[in-house]
Amino acid sequence: MSAAKSLSLSSSIQICRIMRPDDANIVGNVHGGTILKMIEEAGGIISTRHCNTQSGASMLDPSPVQQDRCVAALARVERTDFLHPMFIGEVAHVSAEITYTSKHSVEVQVIVLAENILTGAKKVTNKATLWYVPFSLQNVDKIIEVPVIEYSSVEQEEEGKKRYDAQKMERLETKERNGEIINPVVSPEAYTVGFSQSSLIHLVGPSDCTLHGFVHGGVTMKLMDEVAGIVAARHCKTNIVTASVDAINFHRKIKKGCVVSVSGRMTFTSNKSMEIEVFVDADPLVEAARGKYRAVTAFFTYISLDKEGKPLSVPPLKLENEEEKKRFEEGKVRYLQNKAKRQAEKERQQ
Amino acid sequence: MSAAKSLSLSSSIQICRIMRPDDANIVGNVHGGTILKMIEEAGGIISTRHCNTQSGASMLDPSPVQQDRCVAALARVERTDFLHPMFIGEVAHVSAEITYTSKHSVEVQVIVLAENILTGAKKVTNKATLWYVPFSLQNVDKIIEVPVIEYSSVEQEEEGKKRYDAQKMERLETKERNGEIINPVVSPEAYTVGFSQSSLIHLVGPSDCTLHGFVHGGVTMKLMDEVAGIVAARHCKTNIVTASVDAINFHRKIKKGCVVSVSGRMTFTSNKSMEIEVFVDADPLVEAARGKYRAVTAFFTYISLDKEGKPLSVPPLKLENEEEKKRFEEGKVRYLQNKAKRQAEKERQQ
Amino acid sequence: MSAAKSLSLSSSIQICRIMRPDDANIVGNVHGGTILKMIEEAGGIISTRHCNTQSGASMLDPSPVQQDRCVAALARVERTDFLHPMFIGEVAHVSAEITYTSKHSVEVQVIVLAENILTGAKKVTNKATLWYVPFSLQNVDKIIEVPVIEYSSVEQEEEGKKRYDAQKMERLETKERNGEIINPVVSPEAYTVGFSQSSLIHLVGPSDCTLHGFVHGGVTMKLMDEVAGIVAARHCKTNIVTASVDAINFHRKIKKGCVVSVSGRMTFTSNKSMEIEVFVDADPLVEAARGKYRAVTAFFTYISLDKEGKPLSVPPLKLENEEEKKRFEEGKVRYLQNKAKRQAEKERQQ
């Protein structure tokens, strides 16, 4: 009983804050990136805390050996939908809970709620699943063993295991796609890929990093959302908002002092949505030896809104070569799969 | 029972976040000001939420009349002790609870806890009591009536009443002290140099610096523009924008941990522009040995705009002594030189 | 051919980001300082990257000797015009290119473009020229030799040389002017009230305010703590931390668009603590009608810490007139009252 209680204390957390003007676009919609950053902050706190709890030690015999302290780094975010827009002045509540642990990774499930403190209205805006891996602080290339959590039932553990295996396989598959680059286009035609393609550069600052000098995964996701948003706005010239983010895999850590380049290009448009592929490259300015490397890639989906917040039609993407056509077809497959999944879920809930 | 539960939901809140380098001084101690700001954010959320709940409305008949929405503004903070230091990388937990309501004010009690997520150690760092007053959003000079909270006992309510009366008396007493001012400046005449002259102090933070501990030149220039803009706005009381910046030379580097003083004074006015001279001094607080030094100087030119963005005439600068007249003449020379240069360039381009 | 291409890769950069509410004034015009800061960030990245490339090393024989890593520091910015205003929601594109290198300096030319991503309109807002000097990371007083860039023509190099010589002469000329100071203050004696007294000015930004345009009380308290901390550090030149804050009363609200002046002066020292009185004045810049008013006052208590975090003795405050003596005695009363209160509480808890 008291063990269960101490578990619940260490395996859940709630962070909340008021959304400020800088968290949102000019129409007042909070950026998807702001929400992703808060989600990751909650996930990072709870999994770092968990991985530093003495799994073996009892109260009578606390830490007989010197423990190897660790920090949990974001390895993967599962596909995330933005169910409702959030606005400036609302309070965002982010609740995170550890739902599965493998030997070397922690699964965190997060729910985000937007509260209007004037009207009292509350809406669930996001549900997210994140995977963290704990690195030793004495040796950042060493992965620490994760203390086991207690499950309320055998089924709960088995389902977690299934999710773990599924994401592991997907992680391996995405590793190869990391080679591609975006090249600038001279005076592109409207609605082509080159027309909206964008990139930004960010010099990593101290507040972007953990105490141990690695960029928070949430900071990277916020930059990715910023670029994807610019690509989407350039394409359709309207108010745009993040609708969903496909699974993101963090293959390599980004260190303090790097310059991060984030590039985005449109890959697919449906009648009411745009898919944007985003690449993150890290360039350790001063250490010439290592050179630039691809750190993350992901797909963001945006929708276009009119002044009343109703979805608008999106101008179709003009494809100019075989590569773009291939990517468009791949995007279509993802689009149809997600549509089918959402449909299935709806039916399951009825 | 369910009423009590809904009460407890609306009358307590917990906000938490990781302490970042920008929240602390160079030794890693979180600034008291960072903690005070978090305390007030929690207090503001909880009391705004409470004051917008319909105390009278029942679930069957919710808000028959249009409710007057309000926002709670901080009226007073009781004496607060900082019991333990908090450090970068720790998670600050701020829990706020409404503990008393008078007709027009809300008492919020806050506890701040620092959690080291690596060792699991937790310490109470602050206890604070804040008083809020709710203002109508339709008419900010109107104070709204505060919904009553439920007390667990008569004693609890009576003690709250005592605290309320005590703070009310103290508030009245301090009102008079507010008249005093530091350095009773002889009120300068409008449009003189002394009238608009301004200076600011900035404590250099981690994000202001390169990885190697020197202030980015761009950070210094941003502070210089901020002071120059305040000088210009004080002079002409309109919307002002930067028109140009003369060459700036950075003769000495500014190091992490310095206090930077930036001062500006108006030197020249033409019909449609103002020239402001800006000085930057660096004071390495802790290294007593070296002392303050002049790091940069520059001239900024501002113009004044009306609501449509059209340039406005600028009130001429009133000169009071020979020095000011000399600087004005020098400014005029720069102004005419730049004007001639721009003219020559225009002709060259035609 | 391939050399030219690799040159162009390492000698040009583009950074871009969306302009946020905090980057601009209340009318929506982006601050000149925000643009200057972005320009310098681009310049710093490109010149640091360039100075860390091995000019001599070939691909076959990369870095035979351990290279001396360096960081480029801004030495000078040429006169810069702001050709067009930029607005919140626009994307700023900053392109930087290295255009000349001398033995110890790098010239960077920067173009800033504002893109309205809704209309597609683009405008050049700035052209700037910056000079950087690379410092060794092992020894910040040592200037590194700059790798030579390739010029497309002899004329290009010669013109660069001319610009280099011209700015060098101007730098020398301005060095002397740097001696001047505003309001030549009679240097106050150490440990007097005047010695540590400080004040700062803060232009209220959107993120400092509630949705309804009033400054959050917490933002004001953070500024107050910042000034009090500077006063304390100036007095004792050590690491100082906030120990407590006396009750603070917020008599008047502060509105969006105000300039806030926060001033602090030391009023009392005990053996191990300093009391600092802080005043907050609000100046509604544009509404000429109302004028400056006192918004808040408070007393902050600080202690001085050594490197192990142990409290240090504080140099006693030197009092120079009757007013200061009176304030010191009042501070002593508060100090003794608080001490007695804490003592009583301790006994009550035992």
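Just a few scattered comments:
Letters A, B and C name the chains as they come in the text, with residue numbers starting at 1 for each one.
Just so we're on the same page, a contact is a pair of C-beta atoms (placed from the backbone, for glycine too) under 8 Å apart; a residue touches a chain by one contact, two chains touch by 3 or more.
The shown structure was predicted, so the numbers you read here are calculated from the model rather than taken from an experiment.
Any chain touching chain B that also touches chain C appears here: A. Each chain's centre was taken as the mean of its CA atoms, and the one lying most distant from chain B is A. Our note on geometry: chain B versus chain C, Cα centroid distance of 15 Å, whole angstroms.
Put simply, the C-alpha centre of chain A and that of chain B have 32 angstrom between them.
Shown for chain C are the residues in touch with two or more other chains, namely 41, 44, 71, 137, 210-211. The part of chain B that touches chain C in the complex is made up of residues 25, 27, 29, 31-34, 36-41, 44, 71, 73-82, 85, 137, 140, 167, 170-171, 174-175, 177-182, 197-203, 210-212, 214, 216-219, 221-227, 229-230, 233-234, 237-239, 241-251, 253, 259, 263, 265, 279, 281, 283, 285-288, 294, 297, 300, 305, 309, 338.
On chain A, the positions that touch chain B within their shared complex are 13-18, 41, 44-45, 48-49, 52-53, 69-71, 91, 115, 117-120, 137, 205-207, 209-211, 256-257.
Those residues of chain A whose C-beta lies close enough to touch chain C in the complex are 20-22, 25-26, 88-89, 198-203, 226, 229-230, 233-234, 237-238, 259, 283, 285-289.
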